[in-house]
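This report concerns only the one structure given below.
Think of it as A, B and C in the order they're written, each chain with its own count starting at 1.
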Amino acid sequence: MTNVASDGSRPRGGDVQSLADEPAEATGYVPGQPDMWAFVLFEAFLFTGYFVVYMVCRIQNPELYLQSQAQLDLRIGTFNTFVLLTSSWSVARCVQSAREGEFRSALTNVFLTILFGFVFLVSKLLEWAHEIGKGFGFSSNEFFSFYYFLTAIHFLHLLIGFIVLGVVVHQLWSPARRSQELVETGATYWHTIDFLWVIIFALLYVMR
Amino acid sequence: MSAAATEAGTLPDAPSGSLLHRIVWHWRHNPKWELWFAWWMMVVFYNLYGVLFFMVTRVQPPPPAWLDASSVVQWFDDRHQGLLVGFAIVFLITGFIVPTNALLAYSMRRMSVSRAFPYSYLVIYSMSAVPGMLLTCVALTVGAMRPDRDPELIHWLYDFAFMAFDGTMGVFLIGSLVWMLAILLDENRVFPKWFAYLNLCNALTEVVVSPAWIFKRGVFAWDGAITWWIDMVVFVIYTTVFITLLRRMIVREDFGTGPLPELRTEEEAAEDARKPSVSMGTAR
Amino acid sequence: MRRTDGELILLWTLPALGVIWISAFLIFPGFVHPMSPTMSAEEVAAFYRDPKNLPRIRYSMILFNWFGVGMIPLLTLLVLQIRRMAHRTPIFSYCLLGCMAAGPTLFLIADLFWLLAAFRPERDPALIQLFNDLAWVTFTSQVPYLIAQSVILALAIYLDRQSRPVFEPWVAHFNLLIAAALVPAAFVGLAMGGAMAWDGLLSFWVKNVAIGLWVVVMGIVLGRAIHRQRAEEGVAA
């Protein structure tokens, strides 16, 4: 998948020398496509909207929410958070390796990221199955509606994340491609879903 | 493609003067008339849609999903004339949403991607207005036409109408993804990449509508904060953005098949026009 | 050269379609003297329960169901002729494709509602009346795509600025007239009696005659265009 860089001045990933010389300061340097940052911002607004609605509903019915939250297992939530934070670390290492031209290492790291993402996915599915088994479904009560809603919409972003990581793998695989910009764009997206998860975790599991 | 369109999209100086005079002049001379026609139809249609659905018929913002039959009868009663007149106008003008879909499909045709994209998009959106909007209008018209009908039946028509309206989420979901993919793959720079991601946001908000089928109260009902209000904000932003981007596309259009030229300021365009060999689509 | 095999066959389906549609129209007992919206639920139920009516309702609607989309191949031929016009973009042909996709769908839905009304005539009369209402309103008010189709076709013809345009200008004027004739039917919801009601002069007779006239005239005009095109391309080949 080719991508004409939107400002035309970013070099392709294969040119290691010029990349290493690139200044890392904020002026004139935005990692990845600026367009992805626009998306991140917009998604952040959207999720903020959802979080605000959640908080408003919660304030109106604090006991129901407290009781229902007690049904969630904090350990699974913490484990999920840990897994995603680790995956962010591995994708950051991937970007770093790609920047230095160490493409084998970069590929290893992106595969690690995918693996961690998969662990999160399985753990989430198991958690849902567990909660449904206990009798708490989407329409059980208001809290659980939010729980499934927020985790499901995040899950959807995670699935898209796999596609994004797939694009990153595709880029890193062959020397003909290796657009540093695309790798960074993919990493930006992955960090975003990690960041969103941390907030969801805080709202649903921790905040009591 | 077409028989006589060989010259590039140059436009001699447009006249000033009354609006009608200018419209007639453009009809006669503007090579991009078809594109502007489609664009203006789109702008007019969306504005009319807003007026008709929000002010004349007052069916948006949607009424609560938890109303009982007698309240629903009251709701119809309060809006009796507005519903019938408003939807009559909708029945008249709905066909003119078609140029919007045509223009959007054209934007994909101008891209470097396969023709499968514009054709898929055209088919998806062409059939979407039938269940997604017209059935709603038919159901509400039928509901308003006989106020003495059994309240339970009127209640059913009410459900039918609003759920049919929400039932087109799949259309915007798949359609937005098709457009997004086309933009991401496009090498002709017809649209900026961030707009592709905005399509993804729009698609995701469509997924968010689905709880409306399950809940009758609260933020997940068809009138809820999440399924309607936030969704509508995103949709309005999305629509405003693509209307603006389509306008820019038409201005930039050079009827070629390569990358679309960037937008020039008036000084740059004037300078280019002075050079004899350069021809490009100048601003309207 | 464009592949044109089979177009003439598709074109000749039009008279066959016409015969089928007119037959179905005459068979359905609620059309030749159109049912009035002011009929009470019991009267509507009696209409559907009448053993003389019921088979006619069902068979005519089944015929419409089979052939309701029969117009689409012909409309596609029209789209292909628009592509031959001197336009810079395919916008007009796309518009017509859009109209084509939506219009027959609405007709099919109206057909479904009539068939549903007739399916269990022993049902509660209020329910039968509901389905009957839904069918009639859908059928009568499904003019938007037909109006847009005619207006856009007219515009496309006016913009076809070449020495020998695909369609002559009178076809465009004709289409605008047809579009105007279809306008009153959109207002069917506002009248339970009189010219604009679904059984009235404007919403029923003018609308349906206009549609029939459009089909006949456009069929002939399309046929001539296709024959002319084949002659021109046959000479070139």
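Convention: contacts are C-beta pairs under 8 Å (C-beta built on N, C-alpha and C of every residue); 3 or more make two chains touch, one makes a residue touch a chain.
As the structure is a computational prediction, the values presented were derived from the model and not from experiment.
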Arrangement of touching chains [line / ring / star / complete / other]: line
Farthest chain relative to subunit B (centres taken as mean CA coordinates): A
Closest chain to global C-alpha mean, per-chain Cα centroids: B
Inter-centroid spacing, subunit B versus subunit A (mean Cα positions, whole Å): 31
Interchain centroid distance [CA atoms averaged], subunit A/subunit C, Å: 51
Centre-of-Cα separation between subunit C and subunit B, whole angstrom: 25
Contact footprint of subunit C on subunit B as seen in their complex: 1-5, 9, 31-35, 37-38, 83-85, 87-96, 98-99, 101-103, 105-106, 109, 118, 122-123, 125-127, 129-130, 134-135, 137-139, 141-142, 144-146, 149-150, 153, 157, 255
Subunit C to subunit B touching residues, read off their complex: 37, 83-92, 94-95, 97-102, 105-106, 109, 126-127, 129-130, 133-134, 137-138, 141-149, 151-152, 155, 159, 161-162, 183, 186-190, 192
Subunit A partner contacts - residues on subunit B that touch it in the complex: 184-185, 187, 189, 192-194, 196-198, 200-201, 204-205, 207-208, 211, 214-215, 218-220, 225-226, 230, 233-234
List of subunit A residues in touch with subunit B within their complex: 1-2, 4, 6, 33-36, 38-39, 42-43, 46, 49-50, 53, 57, 138-139, 142, 145, 149, 153, 156-157, 160
